[in-house]
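The same chain A turns up in both complexes below, where it pairs with chain B and then with chain C.
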Partner chain A sequence: MTYSEKVLDHYENPRNAGSFGKDEEGVATGMVGAPACGDVMKLQIKVGKDGVIEDAKFKTYGCGSAIASSSLVTEWVKGKTLDQALEIRNTQIAEELALPPVKIHCSILAEDAIKAAVADYRKKRDGAEG
Partner chain B sequence: MLKLPVYLDYSATTPVDPRVVEKMIPYLGEKFGNPASRSHSYGWQAEAAVEEAREEVARLFNADPKEFVWTSGATESDNLAIKGAAHFHAGRGRHLVTVKTEHKAVLDTCRELERQGFEVSYLDVGENGLLDLDVFRAALRPDTTVVSVMFVNNEIGVIQPIAEIGEICREKGILFHVDATQATGKVLIDLSTLKIDLMSITAHKVYGPKGIGALYVRRRPRARIEAQMHGGGHERGLRSGTLATHQIVGMGEAFRLARLEMGTENERVRMLRDRLLDGISSIEHVYVNGDITHRVPHNLNVSFAYVEGESMLMAVTDLAVSSGSACTSASLEPSYVLRALGRDDELAHSSIRFTLGRFTTEEEIDFAVKLLHEKIGRLRELSPLWEMVREGVDLNTVQWAAH
Partner chain C sequence: MSDGRSADGIDFGADHFTFFGLAPVFRIDSQALDERFREAQARVHPDRFAHAGKAERRVSLQWATRVNEAYQTLKNPLPRARYLLDRAGQDMGQGNSAAMPPEFLMEQMEWREAVAEARQARELAGLEDLRQRVRQRMNENYGRLAELLDDERDYAAAADRVRRLMFLEKLLSEIDEGMAALEE
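So, the complex of A and B:
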């Protein structure tokens, strides 16, 4: 398997790897994938009072492309509102990283991780309000 | 200075020993004759070299030189043995028995025979990778004509109970073929006591050249097979085609060196293998695949839990190793050998096969140990699964959002 420069860069120097403290305010988590499928992505977003994503962190069990896809989306979601973050498409991720066809599922998973994190944030917020 | 990547893939192939190279070179130049030429000294000289090599090969196994037929390598030998025996004895029966962890050269040959109307039983192994003799006995039928079991497994290095299987086959009049590719020079193989009828061997796993191998065909009691390659009637009609003198000379010299040096070499390699195992044992959740005692000294196959196979291979590019994962496509294809041991897919996927050899040094092993500690640690820091395990979560109880 040969990887693009960008995939290798994210793999060697992952951006925003790690986790937020469990009880930090405004933190929501999206976990997608399954060990048996070969990838699990955990994307965490930290949302400010103004509804803008201030920070993001990820951890990924998966191939180089999966690590790169999740590393990339932590950079992309920062500074976006939740709705803007939901507009990120897997095709954009795949294009940016020059993923080969067999690795497109990694970008789909990264898109799913954003959706799951946003859904988790909205669920928590609605729960707190209700 | 270490040469990178460090070569720890001696079961894939070995470099040709410089002493072997030296012996081969004249047969590419001035001693170029065709060993089948009967009418002049060029031919006689080549024939003498071929027969001397045959003697060296036979000597490693305590066998008669007349019992070895040159081939292009173990894949051809497997094909010749299994198809040749199945076809020759098709009148007696059309059932074969083999094992699920065999090399593809055996498994795919058996599949081809199935297409031709033969029946094949593929036996399971235990979780240590070894064939259980009761399972084996129960699989034999009155119409079983051929059994094929490898001496040493290429992925996990376990040594099958060949002596016992041979006794059972001989008693029942079944031909016993053994793929000894990975056993040559690693395990003492005495064909005067082992009841093996057909045995495949190759040169390039034993510091000889690629493209040359042989099939042992027992003379007493005589193992009968049908030729698969027809032509000039070389090799007593069992394998036609002009002999590759230089390759054969190389194989002979490689096998001579193996006979003389395997005792000390295996002890040295075992020490290095154990050093490697000791070195990585302090990494948590490392699992050895395959029985550790019934195993050749140069093989170590381990799985690193909670890291994914492909990213692990990316992390260890300074090591030339093999992986249990064939992840060149989107679909997960963990090694069929590790799956046959009952390893779950994740562990099968994150396995590495280290195979050491004649030129492996202590410095190389220490480099590998240090690198593995760093890289596995880094990938686990990045792994949500590792984080959950650290927090005491049982991953089997998690509802995964499978995709």
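So, the complex of A and C:
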């Protein structure tokens, strides 16, 4: 498997790797996994009072493409509202990283991670209000 | 040959269980499987067709491939379970990455972190300990999977077990890889 330069760059210099503190305000977590390859991906978003994603972190156990996909989306979601973040499509991720067809599922995983993190944030927020 | 049967009576079109004359169950008779595999292998061994024509040799090679594929699928529990589910028309639901419960994925992440840490700290004993715990978890899941497939025929629940086991198998291979790297 030869990786594209962009994948290698994210793999070697992952952006925003790590986790937020459990009790940090506005933090929500999206956990996803792909049984076919056993990859596990955690995407955390930190949402400000204005509903804009201030910061994001990821932790991924998987292949280079999965790591690059999650690293990339942490950059992409920053500064976006939740609805804007939900507009990120796996095809955009795959295109940006020049993923080969066999690695498209890695970009799907990253898109699903955004959806899961946003869903977690909304669930927490609605729970707090209700 | 039009009915998919070879001159030796090998049924090409049959499913892997029928192919080896075994009942289509998860709790397979592994001794019988090994015996049937060796018999089938001997029957289709390319050496037996050394003096045969080109077409016959090609067919014998196809048989040998078929025998191996059937054996590899049935020998190992995870591919066997997936084959049974496929046979029952059960969708594995692999396409949906959100199908796994977050708690399960969180636990997987913790396992993977523990493996990475033990590997980094070069703690072989730590990896061995993790390996034992993962193996135990896998045995529990395989035990339950056998009940779901053979006794309860609850294929949707079985597919869920299989998905969990796919992660656990991956985890186990990560541990083995880490142990091999440390032992070098």
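Here is the rule we use: the second predicted complex is superposed on the first by the 126 of 130 C-alpha atoms of A that agree within 3 Å, B and C clash if a C-alpha of one lies under 4 Å from a C-alpha of the other, contacts with A are read in each partner's own complex, and residues count from 1 in each chain.
Everything that follows uses one rule, which is that contacts are C-beta pairs under 8 Å (C-beta built on N, C-alpha and C of every residue); 3 or more make two chains touch, one makes a residue touch a chain.
Because the structure is predicted, anything quoted here is derived from the model rather than measured.
A.B. asks: Once chain A of both complexes is superposed, is A:67 in touch with chain B (first), chain C (second), both, or neither?
C.D. replies: In the superposition, A:67 touches chain B alone.
A.B. asks: Check whether A:34 is in contact with chain B, with chain C, with both or with neither, and answer first, second, both or neither.
C.D. replies: A:34 sits against chain B and chain C alike.
A.B. asks: Please tell me which partner, chain B or chain C, touches more residues of chain A.
C.D. replies: B
A.B. asks: Is A:115 in contact with chain B, with chain C, with both, or with neither (first, second, both, neither)?
C.D. replies: Second partner only, chain C.
A.B. asks: Is A:57 contacted by the first partner chain B, the second partner chain C, both or neither?
C.D. replies: neither
A.B. asks: Touch check for A:102: first (chain B), second (chain C), both, or neither?
C.D. replies: After superposition on chain A, A:102 lies in contact with chain B alone.
A.B. asks: Would you check which partner chain A:42 touches, where first means chain B only, second means chain C only, and both and neither mean what they say?
C.D. replies: both
A.B. asks: Taking the superposition as given, does A:10 touch the first partner, chain B, the second, chain C, both, or neither?
C.D. replies: neither
A.B. asks: Share the list of chain A residues that count as touching for chain B in one structure and for chain C in the other.
C.D. replies: 31-38, 40, 42, 59, 61, 105, 108-109, 112, 116
A.B. asks: Once bound in the complex, which stretches of chain B touch chain A?
C.D. replies: 306-311, 314, 327-330, 332, 344-346, 349, 381-387, 395, 400-403
A.B. asks: Taking the complex as given, what residues does chain A use to touch chain B?
C.D. replies: Within the complex, chain A touches chain B at residues 1, 3, 11, 14, 17, 19, 31-42, 59-64, 66-67, 102-105, 108-109, 112, 116.
A.B. asks: Tell me, which parts of chain C touch chain A in their complex?
C.D. replies: 92, 94, 97-98, 100, 102, 104-106, 108-109, 112-113, 116, 162-163, 166-167, 169-171, 174
A.B. asks: In the complex, go through chain A and note every residue touching chain C.
C.D. replies: For chain A paired with chain C, touching residues are 29, 31-38, 40, 42, 59, 61, 105, 108-109, 112, 115-116.
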